[in-house]
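Two complexes are shown next, each including subunit A; its partner changes from subunit B in the first to subunit C in the second.
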Partner chain A sequence: MSRRLRRSHEPPFWLLFGAGGLLAALILPAVVLFTGLIAPLSGRCGDSGLLEHARMLSLLSTPIARLACAGFIALLAWHACHRIYHLCHDLGLRGGAGLRWACYGTAALVSVIGLVLVMGLPHP
Partner chain B sequence: MSERPTIVIEVRRWHPDAEQPPWWQAFELPYREDQSLLEALQHIKDELDGSLTFRWSCRMAICGSCGCMVDGRPELSCHLLMGDLAPGPVRVEPLAHFPVIRDLVIDQQDVLDKLPVAGAYLVPGDDTSATEPSRQTPAQVAEYAQFAQCINCLLCYSACPQYGLKPDFLGPAALALMARHDADSRDAGQAERREARDATSGVWDCTLVGHCTEVCPQGVDPARAINRNKGASARDYLLDLLLPGRRR
Partner chain C sequence: MSRPRTWQPDMRGWWRRDPAYRQYLLREATSLAIGAYVLVLLAGLGCLLLGAQAWAAWCRWVLSPPGLVLQAVVFAAAVLHAVSWFRLMPLTLPPLGPPGRRVADRTLHVGAWAASLICSAGVLGWLVWGA
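Let's turn to the complex of A and B:
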């Protein structure tokens, strides 16, 4: 039996995946419910100010809030890309290093773009 | 007395010296509701075709010999009642992901080789007495008792799609036994098991499909054992990164 026990470098990716999964399970449904259903419906019922631009900006007025928002976006991206990477493997697609770079590269790119956009929002 | 009902059992057969690929053979036989599938297979062997080959021993779901695929799902044939399988037909195949020796008999050597790699045995510590018993509290036993119920039936290996894709994967039962010994207060082998645990073919080839836990006849829950160790492995990875020289 020849079996090399190579140490896996999966742990950091798995931790990001796990953190993103927690947020996706706990917070994302509330965000979808709020932005996709409650806010538009409340607009129809007369209160159109719930998702107003100025209100949203004031929500993100402190650096901490902005960092949290950028972190939320980043972790969801790492979660999704890690899932897609393993899904490809499960479907029998042997992408090798190229697939790994494509998946985790996308997650890194989304994280950076999210950070730049959120931090660069105008202050109210 | 009324006639006993009959059922059709289709068995996937293969003989090494038959010069043909595996074939399906259907047998129609009388059955009783409270008869096990193993007994039905024995009826086939005794009455219909003596060349049908399969393993069994205890007939009570404890030796782990009689595993096979039943309608696509890994099962112990002695643990299934014909009443639950009726009206059939029932399809019986050798356990998935293993080389077939003959008919329903598979070659388990790969898993037997992996048990020592996973450190699936108790490693005595320096303070373990050779003459005195090592006593444990009920709480210490509860730490590992569930993982110690494994009967090496290998149903979980047939259930695991990752083992099918990556034959190097140590697999559910070996990793559950790793966790079982790591959690034993009498054991001092955690450090020895780390290399296998942290390897790609250790806990990290698992993607938490969880089918191993569903098919296990002993309630071992290998998926939980593996994911507990993923947390420990990730912790050690970060600590090794932050504290150079911590390992090796």
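Let's turn to the complex of A and C:
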């Protein structure tokens, strides 16, 4: 270890994990209920009803809605990847730095892809 | 010089020792379902961008038996996650309230579930009536 005390990597990741966990606890059941039950009951999938293509685009037409959607996906990804990393450790998997890079790298990749996709959505 | 040999506990099968360990493992495993659902949502976003045909394919998958089973599992995991997250909140939150006085656990739990109810209603309202 260097003369200066090494700082832990943990706090920023824990912050993202905590934010994602809180978000998931607050609204994830409702979102799953929507995609898995309410939307399919509302009409033929994709053509009519709540999941109609044009309707989804207009739902995601404002910058705030797009940012919220991308943020939701990103924070959930950080939450899940952080827990999966520690789950591997708890189960005796010694992945070391490679496992850490794989887990948090996946979360970062998902965040970036989500943001790019949301910004590229056409306006209805 | 060789490394000093210290006692190391045998951790193999540690979850078999106590039901609380298995509950902990189950709680941590909810992240697998949540992670899978994140990928489903990301794929949906991509299909939405690609056009109506790709979007319809995504919708069909979400409605297919594997999609519905996955979402049932994710829903159960999400509820379990919410229950455990809110139950642990008095331990994970920094101390609230005036110095020397703690906010009662019960107040925190009721507040958390009320917030969850309001946020869920808001999100569902936006998804159903938003456009």
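Just so we're on the same page, the second predicted complex is superposed on the first by the 112 of 124 C-alpha atoms of A that agree within 3 Å, B and C clash if a C-alpha of one lies under 4 Å from a C-alpha of the other, contacts with A are read in each partner's own complex, and residues count from 1 in each chain.
What we mean here is this: contacts are C-beta pairs under 8 Å (C-beta built on N, C-alpha and C of every residue); 3 or more make two chains touch, one makes a residue touch a chain.
From a predicted model like this one, the values you see are computed outputs, not experimental measurements.
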item	value
Contacts of A:A24 with subunit B and subunit C, given as first, second, both or neither	second
Touched partner set for A:P12, first subunit B, second subunit C, both or neither	first
Contacts of A:D90 with subunit B and subunit C, given as first, second, both or neither	both
Which of subunit B and subunit C A:H79 touches, first, second, both or neither	second
Residue contacts with subunit A in the superposition, subunit B compared against subunit C	C
Touched partner set for A:V112, first subunit B, second subunit C, both or neither	neither
First, second, both or neither for A:L41, with subunit B first and subunit C second	neither
On subunit A, the residue positions that both subunit B and subunit C contact, one per complex	86, 90, 92
For the subunit A and subunit C complex, residues of the former touching the latter	18, 21-22, 24-36, 38-40, 45-47, 50-51, 53, 55-60, 69, 72-73, 76-77, 79-84, 86-87, 90, 92, 110, 113-114, 117-118, 120-122
Residues of subunit C touching subunit A in the complex	11-12, 25, 28-32, 34-35, 37-42, 44-46, 48-49, 51-52, 55-60, 62-63, 67-68, 71-72, 74-75, 78-79, 81-82, 85-86, 92, 112, 115-116, 119-121, 123-124, 126-128, 130-131
List of subunit B residues in touch with subunit A within their complex	113, 117, 161, 165, 168, 195-196, 198-202, 204, 207, 230, 233-234, 237-238
Complex contacts: residues of subunit A adjacent to subunit B	1, 3, 5-8, 10-12, 14-15, 86, 89-90, 92
